[in-house]
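See the structures that follow.
Across the two complexes that follow, chain A remains constant while its partner is chain B and subsequently chain C.
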Partner chain A sequence: MITFLELLVNGLSMGSVYALIALGFVIIFKATEVVNFAHASLLLAGGYVVARLHPFTGFWLALLIGVAFAGLLAALVEFLIIRRANVGSHSVLAIVTIGVDIVITTELTRQMGTEILSLGDPWGDSVVHIGGVTVAEVRIVALGTAAALITLFLLAFRYTGWGVAMRATAEDAETAALMGIRLGRVSLSAWAVAGALAAVAALFLCVFPTPGLDRGTSFAAIKAFPAAILGGLDSTTGALAGGLIVGVTEALMTGYQNQLAFLGRGIGDVAPFLVMLVILLLRPAGLFGTRETARV
Partner chain B sequence: MEVTAPPPHDGGLAVSDVVVNYGPVRALRGVSLRVPPGSIVTVLGTNGAGKTTLLRAISGTLRFHRGGIAAGTVTWAGERLSGIPAPAVVARGVTQVPEGRRVFGRMTVEDNLRAGALGAGGGRAAAQAREQVHSLFPVLAERAHQRAGLLSGGEQQMLAIGRALMARPSLLLLDEPTLGLAPLVAARIAETIRQINADGTSVLLIEQNAATALSLASYAYVLEVGEVALEGPTTELALGDEVRRRYLGVTDAPGDGAGRPGPPGDGGARRPAARPRPALARWFA
Partner chain C sequence: MSDVTAAGRAARGPGSGAGTARRTARWAAWAAAALVAIAVPFYLDGFWLQTGLFAMSAAVGAIGINLLTGSTGQLSMGHAFFLAVGAYAYVYFADPGQDGAHAIGGLGLPTPLAVVLAVLTAGVAGGLFSPIAGRLKGAYLGIATLALIFLGQHLLFNAEPVTGGYNGRAVPPLELFGLTFADTPELVLLNVPFGALERLWFLGLLLVLGAAAFARGVLRGRPGRAMNTIRDHEIAAGVMGVPVARYRAGVFVLSSMYAGLAGVMLALVFQRTVPEYFGMLLSLDYLAMIVIGGLGSVGGAILGAVFVSVLPQLLTRYSGTLPLIAEPGSGGVSPAEAARILYGAAVVAVVLFLPGGLLGLLGRLRGAPGGRRAVLGRGPALPFSPPPASPSTSPTPDTRS
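Now for the complex of A and B:
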């Protein structure tokens, strides 16, 4: 039971980080109908800036700059590439983002080489004991931060003019333009917010118990794709649910993999994708999705 | 030869020789029309005549349909509208109510109205506009927190008009506002349009329902295959044989058309002199 609770808390914590990434993915899809495959590379870029800067500026300033950098990079991708690509189909843009991803990731891995970079976070490997359950402090921080950011975003999405503009554009871009909503600004801000959220997620993907930021971090980020897709690509609620499902599934499957030995080792890494496949078979638009994902 | 234009005026909407292409397809072939400030002007025409294209050319949404203005200009109050993006058109005081209402169905009624106010700043002006819209359509205040997709067709049309009014336009473009509505509801919408106009907003009304349109507007244009086929003050057009036959559903017994007694000629409606008169026989076939 103690093991189960520990795995559950860790799973929820990882899940909330995946939800941050998936949320960015969904925001971009809602605002521009582009499936952004470059999301993992934006995350890597944000993490890389934090890793390189923290020895000089201290952790908090480095984090701030890293988040801003990832937001700016995402906005640049939108402004220089997505906006200017005059293509008829959004699937073409999705493929363009794969190209962007390859360029950014290749450059970053070249810079990193085989190093494993520490992000210099203040939490280190300290643990907290709640009852009999032992959890790394940083996992609690991750859960809290992710929950706070997601709440903040959902409130803004619901109540601010920016949120109204985003939702109107997502529903009917032409009519939104007729209402005087500047689609370019909506799209730019969506990318910037998504990039910034990804950088925060990068921090929590690279802290204890993982060794730090390395070229493998973007693989960890890729687990957010099934999270976004199984929740429904156009649903913010879906991104949250999807993130938590993926996080908990992964933690439990990894934790109990000795009992699940017949499935082979490393089932934890595969599990999110298996869950995604099963859910897509039952609900092709995802758990909370409204549109056909075929539209992608 | 400007015999076809309404009395000269300053400002207002001026569409001058506008040609619109969707790729290789020409949808408007040199359309000119005017909406004097404070008036209601209607554009009639059958499906495919180019009515919606005309509104898109004014509101700057042709690019969403891979179209563009190839020649001619659109100006409102002396400011050029052609070539600027849709939000900039809204900022200059021209707002369109799209065909088929197109309310944001997954958003609440209240949020739909907020979306309408985004193009015109916010704050006090928006609050004032909301008050006006609520007094014009009390039902929108009652249903403020309901999802717009759950409203009836008539209520959705009211929301679409209210949403456009949130931008406090000086010119309102309406695309078939009574389409698919029960006669009683359509009559209410018509009454509202009259009231909006009385409050000082100019209106360009696109309609297939000629009877409603002619009763509201002071001047009418008839579009046919991308050209103005007929125009004139509505008091004269409404009596004209051709409009009656084509759009009011008043049909004469076959064979009666040629020798039919009645107002001589067009009943006062003027047509561009250079264009051939469309053959009436077509409409009896």
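Now for the complex of A and C:
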């Protein structure tokens, strides 16, 4: 039972980090209808900046710069490439982001080599005991931060002018433009916010118990893709639910992998994708996604 | 690729002198290309032959994914999985297997039969995915197929009796009509020793030609029109009586069979299958190929495949003399990394500046005033547009509904 609770808390914590990534993914999709496969590389870029800067500037300033850098990089991708690509189909834009991803990821992994970079976070490997359950402090911080950021975002999405503009664009871009909403700004800000969220997520993907930022980190980030799609690619609620489902499944499958030995080693890494397939079979639009009104 | 269409011929009128001259020129070009392709194994060394064979295998796979992504608008990140299915299925069917501590299963069937079965197995694997492949569209399917990559890697590493696990398996050479595609028994043709690579070269050429011809047939006929309509406007396709879900699933199966064949070719060239190779990077390579070459056409897929698979080899070969590129292991930008960055950037550049890809560029270079495109009444190559073979399709900006 204790093991189960520990796994559950860790799973929820990882899940909230996945939810951060998935949320950025969903924001970009809602604002620009682009499925951003470069998201993992934005995350890697943010994490890399933090890892390189923290010895000189201290952790908090480095984190701030890293988040700003990832946001800026995302905005640049939107401004220089996505906005200028004149293509007929959104699938092509998705492939363009794959091109961007190849370039950024290759360059960053080259810079990193085989190193494992520490992010210099102040929490280290200290743990807290709640009842009989032992949890790493940083996992609780991750859960809290992610929850706070997500709440903040959802409030902004609901009540600020920016949020209204964003939702209007997602509803009907053409009408929104006619109402005086500047689509360029909406999509630019969507990308920037998504990039910043990804950088925060990078921090929590690379802290205890993971050794640090290395070339495998972008693969960890890819697990947020199923989180986004199983919740529904156009639903912010879905991103949260998807993130938590993925995080908890992964933690439980990894934790109990001795009992699941017949499935082979490392089943935890595959678990998010298996869950996604099952959910897509039952509900092709995801749990909270808008169902197509047209049937063909 | 001869892309004179009936419409083009009619527009130009019978007996037009320019048309005849151009047709003769094209035949001459084809004959020259065929001669060069046949002469290659007699002159170039193993390195180039291997590079060429990789390009051929990639061309077959790229034709397959271009049918799916380029022509039907369905994104797939799972192509590497089906290559793996093809490669491993061939080994499993052809290898007799061995007992003992590291028992490896195998059926030991005749190798040509194993090739056919491997391609069919890849098709079946694609068919099993069809409940998802038929219902999801575009980029949604792209993310769903990511699952195949991770599932595939998991299976390849864990299903040791079939896949050999981490170390992979040795690939038994193909035997066709008494000819073994291996270095032994020795064979010397015109004073050139004909090893495995030389022999495979001709097989590869035949397979690429066959694959290209079949795909052209699909694209030019009814199925091709239906696929393009699904890509451009799903509802319109449905209204006109195209069974959209069945077509999507069907194209997915076809594309996985192409991938399976590419996997078999790759296995024959490598002579060993290793699980790591069939990861996500391979899938990304294939998507890069079709965008760079030109979406939705057979020629584009082949051009892109050659570009993406030859580039790293070229950079490796000449890393000593090229600026900015370091020799492998010396710390700078290694050839493999340089190649990845180059073609990642090429994908972006093509979409920004060169809609239609390399094939579109070639067409525009040839299509000076009075060129074929002008005859067919088309503007400059449209993004995502098929070759002039199907004049009725122009993409709509909005494909979401």
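Going forward, the second predicted complex is superposed on the first by the 290 of 296 C-alpha atoms of A that agree within 3 Å, B and C clash if a C-alpha of one lies under 4 Å from a C-alpha of the other, contacts with A are read in each partner's own complex, and residues count from 1 in each chain.
By definition in this document, a contact is a pair of C-beta atoms (placed from the backbone, for glycine too) under 8 Å apart; a residue touches a chain by one contact, two chains touch by 3 or more.
These numbers were taken from a predicted model, which means no experiment stands behind them.
Participant: Does the chain A-based superposition show chain B and chain C clashing or fitting?
Facilitator: When both complexes are placed onto chain A, chain B and chain C end up side by side without any clash.
Participant: Chain B or chain C: which reaches more residues on chain A?
Facilitator: Counting contacted residues of chain A, the larger count belongs to C.
Participant: Looking at the overlay, does A:A94 come into contact with chain B only (first), chain C only (second), both, or neither?
Facilitator: The answer is second: A:A94 touches chain C but not chain B.
Participant: Is A:A176 touching the first partner chain B, the second partner chain C, both, or neither of them?
Facilitator: first
Participant: Pick one for A:A85: touches chain B only (first), chain C only (second), both, or neither.
Facilitator: In the superposition, A:A85 touches chain C alone.
Participant: Name the contact category of A:E137: first (chain B only), second (chain C only), both, or neither.
Facilitator: Touch status of A:E137: no partner.
Participant: Is A:I222 touching the first partner chain B, the second partner chain C, both, or neither of them?
Facilitator: So A:I222 only meets chain C here.
Participant: Touching A:L280, do we find chain B (first), chain C (second), both, or neither?
Facilitator: second
Participant: State whether A:E107 touches chain B only (first), chain C only (second), both chains, or neither.
Facilitator: second
Participant: Closest pair of CA atoms, one in chain B and one in chain C, after superposing: how far apart in Å?
Facilitator: 8
Participant: Residues of chain A that sit at the chain B interface in one complex and at the chain C interface in the other, please.
Facilitator: The overlap between the chain B and chain C interfaces on chain A is empty, containing no residue.
Participant: Would you tell me which residues of chain C are touching chain A in their complex?
Facilitator: Contacts found on chain C: 69, 73-75, 131-132, 135-136, 138-140, 142-144, 146-147, 150-151, 154-155, 157-159, 231-232, 234-235, 237-239, 244-245, 280, 284, 287-288, 291, 295, 333-334, 337, 340-341, 343-348, 351-352, 355, 382-384, 395-397, 399-401.
Participant: Using the touch definition up top, name the residues of chain A that touch chain C in the complex.
Facilitator: Listed in rising order, the residues of chain A that touch chain C are 33, 35, 37, 81, 84-96, 98-103, 106-107, 110, 222, 225-226, 228-229, 233, 264-267, 269-270, 273-274, 276-277, 280-281, 284, 294-296.
Participant: Spell out the residues on chain A that touch chain B in their complex, using ranges where they run on.
Facilitator: 161, 164-165, 167-168, 171-183, 290
Participant: Help me check something: in the complex, which residues belonging to chain B touch chain A?
Facilitator: 59-61, 64, 85-87, 90-91, 95-96, 98, 102, 104-107, 111, 114-116, 118-120, 122, 163-164, 167
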